[in-house]
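Quick one: this structure, given as structure tokens, is what I'll be asking you about.
We just call them A, B, C and D in the order they show up, numbering each chain from 1.
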Amino acid sequence: MTAAPMGWNSYDYYDTTVTEADVKRNADFMAAHLMPFGWKYVVIDIEWYAPGAGSRRSEYQYIPFSNLCMDAYARLLPDPERFPSSRGGAGFKPLADYIHGKGLLFGIHIMRGIPRQAAHAHAAVLGADADAAEIADPSSICRWNPHMYGVKNTPAGQKYYDSIAALYASWGVDFIKCDDMSYSDALPGKPGPVKHEIEMLSSALARCGREIVLSLSPGPALIEEAAFYERNAAMWRITGDFWDEWPLLKDMFGRCALWQRHVSRGSYPDADMLPLGKIGKGFGEERKTRFTETEQYTLMNLWCIFGSPLMLGADLPQLDPFTCGLLTNPAVLAMRDDALLPREVMRTEEMAVWEKRTWEGELKYFALFNLADEAQTITYRPAVSGECEAQFKELWQGAAVETADGAVCVTLPAHGSFAAEKI
Amino acid sequence: MTAAPMGWNSYDYYDTTVTEADVKRNADFMAAHLMPFGWKYVVIDIEWYAPGAGSRRSEYQYIPFSNLCMDAYARLLPDPERFPSSRGGAGFKPLADYIHGKGLLFGIHIMRGIPRQAAHAHAAVLGADADAAEIADPSSICRWNPHMYGVKNTPAGQKYYDSIAALYASWGVDFIKCDDMSYSDALPGKPGPVKHEIEMLSSALARCGREIVLSLSPGPALIEEAAFYERNAAMWRITGDFWDEWPLLKDMFGRCALWQRHVSRGSYPDADMLPLGKIGKGFGEERKTRFTETEQYTLMNLWCIFGSPLMLGADLPQLDPFTCGLLTNPAVLAMRDDALLPREVMRTEEMAVWEKRTWEGELKYFALFNLADEAQTITYRPAVSGECEAQFKELWQGAAVETADGAVCVTLPAHGSFAAEKI
Amino acid sequence: MTAAPMGWNSYDYYDTTVTEADVKRNADFMAAHLMPFGWKYVVIDIEWYAPGAGSRRSEYQYIPFSNLCMDAYARLLPDPERFPSSRGGAGFKPLADYIHGKGLLFGIHIMRGIPRQAAHAHAAVLGADADAAEIADPSSICRWNPHMYGVKNTPAGQKYYDSIAALYASWGVDFIKCDDMSYSDALPGKPGPVKHEIEMLSSALARCGREIVLSLSPGPALIEEAAFYERNAAMWRITGDFWDEWPLLKDMFGRCALWQRHVSRGSYPDADMLPLGKIGKGFGEERKTRFTETEQYTLMNLWCIFGSPLMLGADLPQLDPFTCGLLTNPAVLAMRDDALLPREVMRTEEMAVWEKRTWEGELKYFALFNLADEAQTITYRPAVSGECEAQFKELWQGAAVETADGAVCVTLPAHGSFAAEKI
Amino acid sequence: MTAAPMGWNSYDYYDTTVTEADVKRNADFMAAHLMPFGWKYVVIDIEWYAPGAGSRRSEYQYIPFSNLCMDAYARLLPDPERFPSSRGGAGFKPLADYIHGKGLLFGIHIMRGIPRQAAHAHAAVLGADADAAEIADPSSICRWNPHMYGVKNTPAGQKYYDSIAALYASWGVDFIKCDDMSYSDALPGKPGPVKHEIEMLSSALARCGREIVLSLSPGPALIEEAAFYERNAAMWRITGDFWDEWPLLKDMFGRCALWQRHVSRGSYPDADMLPLGKIGKGFGEERKTRFTETEQYTLMNLWCIFGSPLMLGADLPQLDPFTCGLLTNPAVLAMRDDALLPREVMRTEEMAVWEKRTWEGELKYFALFNLADEAQTITYRPAVSGECEAQFKELWQGAAVETADGAVCVTLPAHGSFAAEKI
């Protein structure tokens, strides 16, 4: 079975402050407890190149005009204070080696473009006959992060993307989450993907000599550009930032429905990270997820039957038994199989029904969701071909599902759900 | 093999003026010459209920405030002048019988809603305790046709849709093209599908006791509502009206790309009728299609590799040998197989490449399109798994395709195309 | 002094149900108590031609497909049940005579266009060689009222507008409020004025032989079309319907600011009717205005310093002494003088300051408004030229205003205001 | 008589390349030949602080990431290469003195915000406890010029605007044209004025101790913000850049109509500079204006009857006799009197009529415009009160205008116009 990537991302817990030691502790935990279930990417999110990141959090999430760590070719380097093993030009290689040594894969977050400081300093670009001031587009900025300029669509611009791809490949990077890419208002006209830079990065990665998964942020991606995202990336965000609030979770049902035809092998619409377990420390709001346990099952059922990537936001060393169980149920995770077709059968303000079938139409899974704020009983009669008596088992506990005349009848608490597999 | 519907529609040649005799002559021709190749629907388009339709063509396409033929329950009836066999309450039953007798299927066009004249006359609604004035929404009109009011989303409104479905079923109707449905500005807010009436008609047809294909017009359908169209209709227009002009044909490539993931068994995005052969008489512009022969091959290649319905606009009795050949090539028509997945591999302003593969990824067909206004040579290297030597044959003539190191190299005239099958 | 029109309108109290007796009682009261202060128009609002208007209020404000009173030329006539003096072809002439006899002026509300029933019945159009079906545009409707079709921009269409202008002039109509005119979504594109029908009505009135004030509804009128409204009408609505709710009143400050340069002799932006005194009966919500007394002063201060028309919504026979006083203060009403220029000096979420000056810049009036939900003290220093000691008196009570070093300092309750005149 | 400012601006001829010598030659000419007619401002447009400006014109109009001349407080200084008298900290003082010595006034162009290079260098801000990095908003940029960041709405931000106002006042600046202010897409949402920076600059100038006219660019200003512009600036652009092409001139008629109510003493909608005489050298297109002589009269008639500022784009030393005559006709320039009210009487695609009257309604001027591409004869009957025989004289030549029964009848060439004064 293949399915969308699974892993851990530092953002939901650490914001911009994650350190090498933090990453290692999370990797250790993943290798020991989660890897057997398919979890394998360890991803360092935004600002690893920014000394002092997080030190002025009441004013800024990203400190403007600060001095980023950068090599002679305008390529960002890890902050040696937070990532000591990167000293002496090693970059993320030692940390990637550590993670690979555990059998895991290593990922980093980057921002679209080239550092503004490089353009103002006329830094050199590796292999190009133009400097950073020539390839930076002074009118292409990110609205929410102050560090970068977009790169022009020129041969010298391509060289810059080639140079960072080569650097990351040399470090052993397996996964790149590139931000301000899939939905940006950097260019005139309506917001959307920054096509030329996505293509430049995508082709740089394709030629860098290492297999690197490309993940595009932020969302919402535009459905009318679905084919473009598919051609150029392995996953792309279909929403704005997702956090532990029921309205955001409820809203995700419509977004998954919109993208249901676009989940296929190697190309995955991304419902964003899982704000489960302990999160929020870097944001000054350390907490257990605000989702109830019922809502957490609902989240997992939706992400899995839809087939989204699963990138965990929790601080892993603090993972409690409940959350751990939520993330390591083989029967539930098997529902993610990308050889099956997800389909929203129906949806109202109060409920939703999803199925997953083979290409030939054979039912494999279904899930029932109570989106209302009160409990309700849902009767559902799955369409199965021919057979007198289709049998189902509930996915989380494995209990046989009672049916009467082909109907399943379950009572779900507010925001609750029910997922089952045909046996 | 199954695929999208194929048939003939009266609009492109007759506009609003088609008569029973015209329909029979077209059906006769279809049965004799086209039916063996899969063509089977004979569809009477707009205004069959309007006496005098077409008589004031310089002022109106649809004469406003004219007296439509209607029964006591606000259901439109064929104009007996143009459809003599409908007299005496027979409706389209005799004509449907004639067409069924040839082994063909029978379709009609209808407009969303209930006749305005019925609402103003407070006509009865079959089976409802409300009259036409109660179910008609006086603020829901079609911008381009003056005859109807939308129907309110009420039980009595559903009764009206039930009553017309029952009538059409009793006539033997097999196909309904309902207009002002899939893209309308009838309701406040942005244009789009009139959801409640689509659902009312769809459920009325599902319960009418006869299998009737539902085709929604006009376009462009909204991609973000793809799942809605699929749930409620068998086909839906993805463009405005398509005519015999190259810019419209070129434009269709992008539209097909947008909808490529939504072609599946029983549910087909519709690239609109084929303005081929003799067309335009009812519009006062009788002509042979303005498409060159080269463009006509391109049209067929796109419609077939994408998998659109094929509804022919030509007057069939006047069909010339070239056009007849265009419509009856078994190898080309086989490319429509809805068990295969169409995919636009790439597209620029100058060219496009499409493929069709099995679910498992095996290549079955490819097509190359020259969208430029000059000839060009295209080299294409299809991705085929494992094999040393993939073999192809050109679809229209059946000639073997020369390859060198896996590359196909063809020179295509302006607007030309090339389609091939893997053997 | 000249200023914008002042009068009474039946809508706010009677909705669609006003009768001849109601109108007379209101006219009697106006003549006896308000006329000396400038109030003079008595206006019958919507649906005077609709038998049974208001009888199905729980379902409809305007009953669709009902049979309107109409003459042989598609011109609407008063419902004889509610307006008995109109019988025998007299129309509103007897009622207008009654009102004129009191020294007052008479107005009616009409809807843009021609009755739908006339178009469907192919009614004649006076003086035209086309019937109603030829001049009605079947795609031009009002979204919120079911009775009319727009009139096409043709000579025969102009004849219809000429014919209704002639009829109203023969009745002695002095004021016409025409609805669905100044802001309509009848035509494709963005909502706005229906220009061709405004021009047709405007020119029909100009040639009808009687001076008739043209008032356009509904709002909001578009500021970029200000010159168009000015050329064609005496007043035009700058908001949607205004009712007795503070947020609507607060919102009016911005709208008046937007239009402040367009108040001039004979051409007045209209802040809508005054929902004061007893209102709401026809809507099933008979009540005293929900505005506090403080808010009512604020309303009057804004309408008067801006220079809006004043059309009273109250049922006059039930007018209480407070409201009566509010409407008959000569010093306040004098502030409406259209020879002075209104100007919003400043505005925040919490407060607003207006002034009124002569063309040469001499200050005549100022008003201070507390828009906050708590009391606040406002210090204001009006710009006056040269003089050592400008003197002011408060408008409502006439008391001298204390100043210190040219500053006025007043403490205003929540939603309160203060208006003063330079003496 | 007062009216909108008149002067010369370096942009249309010199683009970014103007030098001190150029400015002096233009000032000399103005003092000698134009000053007696009201021309008095000498304005240096964009990039006077940019060494090398114009040196890479085929790639850039404004060279990004170049090193601008700046003092220790992030305030831009004249490029000493082009403005030698500015050396040694003198700034524009010597040049302003020169210009003042001729009896003229001195103006400069600035961009909204603070230099990007200052923010990246953490430059000090005079009088503030925050540096440039703290007051610069990294997400607020100009789309078409690469040099500046917007300034945050904070006390320290105000200090920066105060500091530049103080510097300019110390130089003797009389006029500031600030760009990227009145219509910018710098902030999220729809384009419009950057309100907080306009207010900060406006209040800095009000407190700087010198009278400085504030002119806002670019256009089109938003009509719904008219009151805001009036409160904060003396003039503001109502169009994008205006050049010597008839469609732009024809388009200006609608823009002037839109703003006609907003021309008043001290506050002027600005129809942009006059691309007359010799222009275009800095753009690599040195030429005589492309406007025909007929069109140039039309331009002057419109700008003058409307009452726009007149800022000349020509290189003055090269001024030819025709253009000189165009700019120095006292009767025509008198039409600009801001005590009169301009009014567009009517406009079609083919023609326009404007009048200018006193506040009391007395006609003073009218102008007729042929907007068609062929000659036409226009008959116009101005509304004049009472008098038997109004007399007019043509403005340019002073000839008496023939009237018959109060009608003026003139034949105008394509794009031609006719302006007259009542005598």
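Going forward, a contact is a pair of C-beta atoms (placed from the backbone, for glycine too) under 8 Å apart; a residue touches a chain by one contact, two chains touch by 3 or more.
The shown structure was predicted, so the numbers you read here are calculated from the model rather than taken from an experiment.
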**Complete:** Check: interface with higher C-beta contact count, C-D vs B-C, is B-C
**Request:** Count the residue numbers both chain A and chain B use at their shared interface, divide by all numbers used there, and answer same if that is over half, different if under half.
**Result:** same
**Item:** Greatest separation from chain D - chain, by CA centre
**Value:** B
**Asked** What whole-number Å value describes the gap between the mean CA coordinates of chain B and chain C?
**Response** 52
**Message:** Suppose each chain is reduced to the average of its Cα coordinates; what separation in Å results between chain C and chain D?
**Reply:** 41
**Where chain D touches two or more other chains at once, by residue number** = none
**Asked** Across the complex, what residues on chain A touch chain B?
**Response** 223-224, 226-227, 231, 257-258, 260-262, 344, 346, 359
**Message:** So in the complex, the part of chain D that touches chain A is made up of which residues?
**Reply:** 64-65, 116-117, 119-120, 122, 133, 136, 138-139, 141-144, 146, 185, 188
